[in-house]
Amino acid sequence: MSIDATLKALGIELPAPPKPVASYVPAVLVGDLLYLSGMLPFRDGQVVITGKLGDGVTVERGAEAARLALLNALAVVKHELGSLDRVQRIVRVVGHVASAAGFAQQPAVINGASDLLVQIFGESGRHARVALGAAELPLHAAIELELLVQVKHS
Amino acid sequence: MSIDATLKALGIELPAPPKPVASYVPAVLVGDLLYLSGMLPFRDGQVVITGKLGDGVTVERGAEAARLALLNALAVVKHELGSLDRVQRIVRVVGHVASAAGFAQQPAVINGASDLLVQIFGESGRHARVALGAAELPLHAAIELELLVQVKHS
Amino acid sequence: MSIDATLKALGIELPAPPKPVASYVPAVLVGDLLYLSGMLPFRDGQVVITGKLGDGVTVERGAEAARLALLNALAVVKHELGSLDRVQRIVRVVGHVASAAGFAQQPAVINGASDLLVQIFGESGRHARVALGAAELPLHAAIELELLVQVKHS
């Protein structure tokens, strides 16, 4: 089954990939590694899940933000590679969670992205992961994700 | 001298490697680069050094946390590669230090890991390094470490 | 035009590269990738732009700090490679912005580095980017930059 078919079966529709901005780009491919820019929980050009975990944003809502940021990341990967079937392995995910004082459940929040990666890519979706608590994030986003992806030899 | 012999001479015993969890894995090998998940100061399945630097956790205690997180990382590397003698180079270490307002000695804290890497691996242990102050870390850990390791061609 | 000539035309003089310290090094080259240590806004051995964005440090001043940290990074790259003409691509930049509560303009701050990279390297300077808000940074620096650089085959 293609990844697109898997996405369809999961009822997942990818957003439009975030537009390239002035001096940086959404992703850079070096050899077989695709480095992505930091991804926020964008929908229709807006960060839709803002605020801090431990201060008004629940773990469930944070996990939803992680999932949405991941969909933005996958939209970029698809745009860069032409097809998500060219993903060999999700190598590494860093999840930055905007955290109010005392919040320590960053792993549960980032599971929103990690679990979805395995649902979509199976074993190839199992990644090294770093979960961190950020003081602040761009545009007051609740979550920011970094992805490193290995691409199949073509 | 093998790295195991060096560890023994230094009186260092590695902990059991942290267990793989649901959707992510302790490390991913791509080509000759081993990417590790974020490592916390675990002992016997518990984060044993918690709290913030600059608010109850001293630099010395923080350096001990960095050292313990590193031992967890090396346990993962050994488990993945079979032997620490397969380490070609420690490429990069990122040290996240849970920091109370005004704390700026992150480098001294992360030296707990950096110095030990050179004791164990000699010149091959000299790495690029990033020391950062985090707002919060998973499970209230005082320290989280990221490692990137180059593996010898086998 | 060589990169040195471009720098001259832009009126930019690189600082002396930050000195190697005890157990880590300014950069590690693996294959064709050069990993740099975290770079602070150093001038003459001092961090010259300190404090937090959103609490006394303006976006303009933060962007200046990002630019200065980048010049330190480029000084390291030049020192490691012999010449900046050996840069194939700026792959990735992570910008950590010391952020007071509520500050969310990290991207505008890191543009100080991103825009300069494109001025200096043209298309090769367009990079994947991650902008983050840090609780605290070493030596009270306003900015810390991470760079990953692809090197030309020699």
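In this document, chain identifiers A, B and C correspond to the written order of the chains, with residue numbering beginning at 1 in each.
Going forward, a contact is a pair of C-beta atoms (placed from the backbone, for glycine too) under 8 Å apart; a residue touches a chain by one contact, two chains touch by 3 or more.
Predicted model, so just to flag it, every value in this text is computed and none were measured.
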Residue-number overlap at the chain A/chain C interface, same or different (half cut): different
Rotation angle superposing chain B onto its copy chain C by C-alpha atoms, nearest 5 degrees: 120
Centre-of-Cα separation between chain C and chain A, whole angstrom: 25
Where chain A touches two or more other chains, by residue: 31, 134-135
Contact set on chain C toward chain A in their complex: 31-33, 54, 89, 91-93, 99, 101-107, 111, 114-115, 117-118, 125-135, 148, 150
Complex interface listing, chain C residues touching chain B: 22-28, 30-31, 35-38, 96, 134-140, 144, 146
